[in-house]
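Each chain gets a letter, A, B and C, in the order it is written, and its residues are counted from 1.
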Amino acid sequence: MANQQTLLSPAELAYLHSSLSLSPPIRPDGRTAKQFRPLTAETGILPGTNGSARVCLADGTEAIVGVKAEIEKTVDPLGGEHYQEYVKSASGAGGGDAEEDKRGARGEWLEMTVEIPGLRDDDAGTVFLAELLREALLADGEFAKKLWINRRFHWRLYLDIILISPPLSYPLPLLSLTTHLALLSTRLPRLKSEGDEDPMFDDDWEASPFLYPRQGAAAGSRPPITLLVVAVGDSILFDPSKEELAVADSALAVSLCEVRTQKGDESMEVDSGRELRLVSMRTVDPPSRLTPPGVPSTGNFAASGTFDPSSQKKQQQQQQRVEEYPQEGVWKAPLGGTRFAVLDSIIRAVLEKGGVADEVLDGLEGVDLS
Amino acid sequence: MADRRRVNGPGSSTLPPVYDDGELDAALRRQRAPDAIRPLYLKTGVTPSASGSAYLEIEPREGEHGSGMKLTCTVHGPRSLPRSAPFSPYMVLSTHVKFAPFATKQRRGYLRDSSEKDLSTHLETALRGALIADRWPKSGVDVVVTIIEGESTRQDAVERRVEEWDVMNVLGGCITVASAAIADAGIDCVDTVSGGVAALVASKDGKDASIVLDPVALEHESILAACCVAYLPNRDEVTNLWFKGQLPSPASCNHQSLVSRAVQASRGTHGLISASLSEAIGSTQN
Amino acid sequence: MATDILPSLAIPGTILGPASKYASGPGTHIYGGNIVSSLLGNVNVTAPAKAPGPTKRLNKITAPSVEELSTISVIRRGRKREVLPDVGNTVLARVVRLMPKQAIVVIQQVGDTVLQTEWQGVIRVQDVRATEQDKVKIHESFKPGDIVRAQVISLGDQANYYLSTASNELGVIMATSDVGNDMVPISWKEFKDPDTGVSEPRKVAKPS
């Protein structure tokens, strides 16, 4: 990704890598390994949308999400719009078993776009981000069911994410948190019609239900959040800055959703009932692979003296040796993949009870939803 | 006003009768053991004009005619970068994954859609980890994967909405075929990367779940979660991991077993790639 | 010499032998103390140029240096592999354009390998010859269409490799005259058209 290029020299990269590999790691901005950067958030900022949110990071990067809903006729991919009725009458299934019908809900009803200034909107990186966030939302199969109106109609939800300025770091956590808040504040008009007739809605916006219900037994799931976690040496760092990402050995985007288990008894302690569930994971190509390598002073013939073809073979051999055995303090872009143990420890750190994810979700709960 | 100059179709559309069989017939059920992967056919050097190429075909299920996935991959380069490109001390890798317009039940357009771009990004991550990119400074390589025939050409795949899970299999195939093509092109890699897929499937009553390797979504009642890895067997490292789905709540360690099963699947695929590649060099020698 | 058996064929990732016994040649890399193949091909073991003898070593305790290990390389036979110009290589290039301070060339052959793709290179005025660099004039050294033997001195910027002809063996090896005849070198700075008898200035490579 072009915007991920850093202007750090190999020596700076090597220094950063070794300081981040320490236990505990020393991060350039003084954060602890599991600390997030401070951010401000507000919801309901755009009156023309069904739901919106704005999140602003301390470094000035800012994302705005607007959710728009439209009614659409359910068209079966196989042909006519009456297909579902047709199947129904053919199979002889009577009565409106809504749960059964909702199985027809499709993930395509959610459309998500990400716009990042300085990147083409068909850029592979942008598409990757949008797919990543979309997949996390749809992973549990419950989200699409929320968009089901009746057998003939459904909501089509457009989720548009706009980054106000070119990102200073990989914008994934920012976009994910903004999306989370926007969906929490999303309301769809209350349905007045019944059954499969053309949908009619209540004009009263105050009466419209939230997409993710706030109260009652249905207050179960909330939108997922996606965290970006990097591994540098043995350290695992959350919410990496651009410079940290530039030396990361591996980067993993982990999406989790919170499931509030209802025990059925009167003890409705929200925090104790929170359960984190992994919904999706993707490795992100760490930009460290594209950083320029350092040249150790032993193999540097620009510094050691004049260009001498006769001693060149020897120098080349020397260089090769150097290439194979990494030296302390000489930066070399990581080769190969990530060990399973490292991936596993990242996932454990994310899912840990009372860990970072809990902290983030607590923070998001503190946001005033209007 | 109707168009009188052409022969028009009927004004209202009709549908062919669809018979609801109630449940899947036995032939559609998975016949393989849970830890068996489907047989593959892999051949390198199929496109003479490219620096490296490979063709991969997955054996179709029994009783079906030509419904196995078919992929080709061509590798172009290393060649000089365009003049506008900035200096790169490394090889610049670009990947393109494209479904042929006729690869799936629903026709695909010629422009790459978001799922194809997404697959390209996954493939790029998977391959970049394996390449020794600093041996080829200032050069660019294009890896082009074309899916000639997808997995879900059948009607019921569309009907039962399992395409989203088939994407995992497609990615696994893309990684495998691209890895063979890169080896054929003679581009330095730390290891032969191979793709593998594992899925957590629910049994018919939806009660207990089990993990299967190389899942075919059609063969199962429902898939709860799936995982695709790109794996370097000799280094025991994962270059790309893609997991999605919902795991049943109690078993918190399920993701580990799913990932390790996917790794197992890619080990199986790796055996195949190495056999095919060894055969390829063996045959050119004589 | 080596008792352990090396595989004859290798695919990327095949472990070939311990790095303490062998040196890593083309097509291999070192990982975890082993020489690992990074290409698909046949395994070659080249004995060291100088046979390792005990008399050569002053102290038997010192580990054998790189030159004394046999080199493992992986090469695919029967298939031309793309190569890149590297610093120090001697290349053959065709002159395409002249500028007051430099000549733009296209590299067509590296060592003995003809390249599949064309790489652009540049010979700057100060790299044309080793002596009297300030008196060099580009248009008296090259003409478009000449074939030049040159050495790569740098990977250069995004577009060009930097080449040098500052050696007796390097310079123009083939040239055509204004009327289109092949010319023959007659001195270190002149080519002559045998038909018309007109001579043209060039930075001539010493015929080998």
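Please note the rule applied: a residue touches a chain if its C-beta (ideal position, glycine included) is under 8 Å from a C-beta of that chain, and two chains touch if they have at least 3 such contacts.
Worth saying up front: this structure is predicted, and the values here are computed from it rather than measured.
Distance from each chain's C-alpha mean to the overall C-alpha mean is smallest for B.
When each chain is reduced to the average of its Cα atoms, C sits farthest from chain B.
Averaged Cα coordinates give chain A a centre that lies 48 Å from the centre of chain C.
Centre-to-centre separation of chain A and chain B, using mean CA positions: 23 Å. If you average the CA atoms of chain B and of chain C, the two centres end up 40 Å from each other.
Multi-chain contact residues, meaning those touching two or more other chains, occur in chain C at positions 29, 31. Within chain A, residues 336 each touch two or more of the remaining chains.
For chain B, residues that reach two or more other chains under the stated contact definition are 88, 130, 132, 190-191, 232, 235.
Against chain A, the residues of chain B that register as touching in their complex are 13-15, 17-20, 88-90, 106, 114-115, 117-118, 120-122, 124-125, 128-130, 132-134, 155, 158-159, 161, 164, 190-191, 230-232, 235-247, 249, 252, 255-256, 259-260, 263. On chain A, the positions that touch chain B within their shared complex are 77-80, 82-83, 86-87, 90-91, 106-107, 122, 124-125, 127-128, 130-131, 135-136, 139-141, 252, 259, 261, 275, 277-285, 289-290, 292-293, 323, 333, 335-340, 343-344, 347, 351. Only residues 51, 77-81, 83, 85-88, 130, 132, 136-139, 183-186, 188-192, 232-235, 273-274, 277-278, 280-282, 284-285 of chain B touch chain C when the two sit together in their complex.
Every residue of chain C that touches chain B in the complex is listed here, in rising order: 9, 11-15, 27, 29, 31-32, 36, 38-42, 76-79, 81-82, 84, 116-120, 155, 157-159.
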